[in-house]
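Letters A, B, C, D, E and F mark the chains in the order given here, with residues in each chain numbered from 1 onward.
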């Protein structure tokens, strides 16, 4: 089984974190490939940046068409994930969606610990779009600027742990999600240091992608995740035109 | 006052409908400019197509930076609108958002009449993202293929009227929104033929954009619609890089 | 275009604030008339007082029947507004409804700054009745008694600004509504002093009333805002009996 | 214990139905008094009519101040009930509120059978204002005009029974509320003819009013149901001025 | 009228509190019988303990089949109450359900004061299962261990009063529920010491049970509270087998 | 890895279906053990039956304590699952919870196809308890009696397929859950016959249980899923007393 993880941002250091955690988690028979956006921003905190990341994710998905059995959009907020589900013939998973699925299986009330204050509104909107606001008791975040996105786990370890503990003691969380691809693997380090389960997005996404491939639940031929209906298009990058054309063939 | 209307699709015929309705509605002192996406699809029905339209809208917004006092994303589903609010120093309005604002002022329960069955899920998600699901009693749509997107108002007049009447009689709608830029101006033609008020997205958006400019409520300097925080970017089209750079200057 | 603004309270000083702000905002061709309730309380903070204000608003609407193209119920909480929509053949707008429409166009999360602690429950119920609780992040208020309702803007300027800033910093508001007709015009004074847009109810109501008249969306002949069905009545004030009779004629 | 039932409409025939059912239900030691609005409409179907009924209910409550240990607003939709809770020192119960309390104790999913199509929107808004929309599975109604409001139970018996059965078979109701004071006592007649419990508003209100008096849970001195804060008023009917003055004395 | 109150826990001291309050509240013609679980835990704070209590409640209901006209599950969280409604031919009321019904009749926003921090999640889930989360503004609790469950009212009087006052001043509660059978009767002692009404679960349950018997609303023969469909069972305690068999006879 | 699947009903034929599907799905290194309730009913359709099943599941979990690394409550409605999460030191998964997690990863709007009309209310309440009502568009079911619970897949194949197709065409489902342990494995047979993905509860539960063991997210030491606080108990079956005692040791 081949899983492609797309980092929709330009930070190679974050792609490396993603790739490492994915390979630690994946089953022996799974091949992991991690790719980095050729254009975009260092990391996504806002709706405008997510819009850019979604477009980059789509181009990478098209560039690598045929090379994967499942796709992971390896950023929280899941930029482009829902659109890609329409055009691709295989499972597509985003980090937020995957982490929420794990968290929902582990407890009732969920908190998210995030890497910046600004990112909180966008995460809250993502959770709401999945209909899970009722499960979310808080989003807490780092408050200081991030000098180096690739080493935020190390640089801010104490602040992240403090935030997670407050989610439990003050907000009533049953489970903590450590959110943001730059935190990939941190749950593994924190194991046993928190009084409730801690969920990692990358490892959740890889495991759930494997599960969906195994369940082999069937493709979408009608309904809201079917390929977009046939219609004229123009001026699109080859990668995106290919995704549309492949989708049209499945109709 | 200058309002730029962006058609995030490639259909010039739809841009013409938008432009005509906008000019009929605008105050005498308002200048209307309507532009068409240089790349994309004929019309947006799905999340993947909306993702493309959002990126096209952003590029047009950047290409015309400085030429407008308010921006209208002239497609239902409002592709890219929320992201553009972050980077632009002026009001940004989408057709769905604008039509819903009008409808909320006219009655309690709202129905949407749309141009295709496939488009309904995406519209429902848009309404949900604005927290207005409780106000929405139904989305009804045409069921047949659309041979010519520019003349759907004429080609499908009877079906659209039937759908609107069912929204009132069967679903309990107090107000009808005719959704889809290809229906721009239809509310004007149907005036008096329906037993409840009928709302047009383009004219609502133009009027509300004028209102927001006049109210002069102040710019966003902090919070979730402030410009994206300063961070590295790479490989972006000039238009989008400009929007980010302009935003950073306002921080 | 003629807009009648009804102050459903007995405070002439508040009517003067309303009238001034309305005239500053209205388009050149709009005529503004502001009238004051002949009976009632100094200002509305509770459900019982709102019930009185609603009845006063209805009497004024009937007394002036035929003199306006749109009606504004110029109190927050919108006493009587929904009932008046049923009997009047023209747009009817309330301050809360209008301010929320503006705020929804300017951001996602909304806070309200109000003039007394007691008023908060009633405002929260009003927002809930419009299905917008999900958009509301907080209602903050002055805590001290109001010696002079007509000069609360000046007397409590610093407290109001503090409350508004806390809505942004602590509650995550994208937009602030300054609520209560006694605050009419304050948004204009505060322009630029807050880091997010600030919305005024009176100016929003006047502009939206103008928009609804222009959109000419059609009257309600069936459904929940149609005129009340014909049935016996007795003992009503002439003004209210007239509104019912006029409504019956439209059936 | 003395319970005053206020019919906020002018129909003496409906007051008679209310009075009969109330006396059949009340405990032996309870005294029932039923009064009829001196002004208003024959029965309430709309928001505007409810606004009139609320004002009439308040006047009757003031006229009879001191004569009752609990007050029942004996119309569905509970016009004026929440405001009266603020000014009165005793329990105040409305028919919808009371019927819902009974229904919530008897099952999960509730349907309402109403006397006219037009009344449905107003009832739905009342249920929503109590936060119970999630419990409500349907409102079904008679569709034909009502020639005689006092004999609707007899005239439309078959249609009402059919509607109630459809609530069970098609909508999944666990309990049926027969709504509208003109249906007072019908649940008693239908006993055993429906496959689920059937709730009457008048008998529920009388019993719950007795319970609240017995529980003697304490008066409201602060919070949203405390008496309205002291402030100037003018031009009010003596009955309403008295309620405000009595409230102020309790502050 | 005979009401059986089931304490689904093993604490006789709590049963005594329940029995005393029930007898103080009940009408003269009502006979009160209180029974204690023969197996289980001292008091219920968690979902697992509630599962045990539900099974004990069912056994007691079966053991005493035929001895009561209404049943009260006399623990907050209402363990087993909904299932018992299916099998019993008479009203079944739980303390939380009953207290909420009283509170909903007394005000809009409700707070719960509970006896331990751990119990809060379970109570919140119970309120949510009744669709009343929107009415609940807070659950506050004692934070210290409870040395003697039968004397918690006396031992923690000051802490309980402080918590209740904070519900009003900080959370905006219109009504307070004192939750937990060990607090039975405390509302009676606190009468007049709190600025809003205070609701007791046991007295509410007894009164509402009497009301339901009097309303005689009819049995459930179809729908979700009808007796379980006939099917094989095996190995059940006689008491539970009897309840199933009695239910089957009513089908 | 050892997974124990508990059938909380007495039907060995259903346990066989569960066991077969579990073994087809599990990873090579996973050991599957399936056990059947020694007491209870043939299959669970109601809240009362679920209460019995929960108690049986708890006894089986205690009887086999120490023999598994993850537990699956192998019935839809997940009887006892949430309570078992409190007392067990390992992941506990229910079929409904697991199927919903899979479905949420595959699409937005979900339908459930169930084996009896009566079961629908209980399933709807289960989905609501997980906060996922917004995702659920319909529950459709077989309407006829089930002569043989072990062969319902074969006996009712056509009806089940029809129901599933209506979920897609009429209700807008993106994904179908085939609900009820008696349908274990049916998704595998229907693969490719439906136009949207189809989810099986048993295979989802086994895969998600494996994932949770692998993620090793950490145990719950505080919060709402921590072991029940230490307190006296009496009269419990040894299996349940053991679970409580084991939990207390982890505090």
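One rule holds in what follows: a contact is a pair of C-beta atoms (placed from the backbone, for glycine too) under 8 Å apart; a residue touches a chain by one contact, two chains touch by 3 or more.
This structure is a prediction, so every number in the text was calculated from the model and none was measured.
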With touch defined as above, tell me whether subunit A and subunit F contact each other through largely the same residue numbers, more than half shared, or through different ones.
same
Name the chain pair with more contacting C-beta pairs, choosing from C-E and E-F.
E-F
In whole angstrom, the CA-centroid distance of subunit C from subunit F equals 52
Could you state the distance in Å from the CA-based centre of subunit D to that of subunit E?
27
Rounded to the nearest whole Å, what is the centre-to-centre distance of subunit A and subunit C, using the mean of the C-alpha atoms as each centre?
44
Where subunit B touches two or more other chains at once, the residues are 82, 85, 108-109, 121, 125, 172, 223-224, 226
Spell out the residues on subunit E that touch subunit C in their complex, using ranges where they run on.
108-109, 172
Contact set on subunit B toward subunit C in their complex:
25, 27, 82, 85, 91, 93, 97-98, 100-102, 104-109, 130-132, 134-135, 168-169, 172-175, 187, 190-192, 194-200, 203-204, 207-208, 211-212, 214-226
Parts of subunit E lying in touch with subunit F, wherever the complex brings them together
10, 38-43, 45-52, 54-55, 58, 80, 82-87, 116, 118, 120-122, 125, 128-129, 223-224, 226, 228-229, 231-236, 240, 243-244, 247
Of all residues in subunit C, which touch subunit E in the complex?
120-121, 125
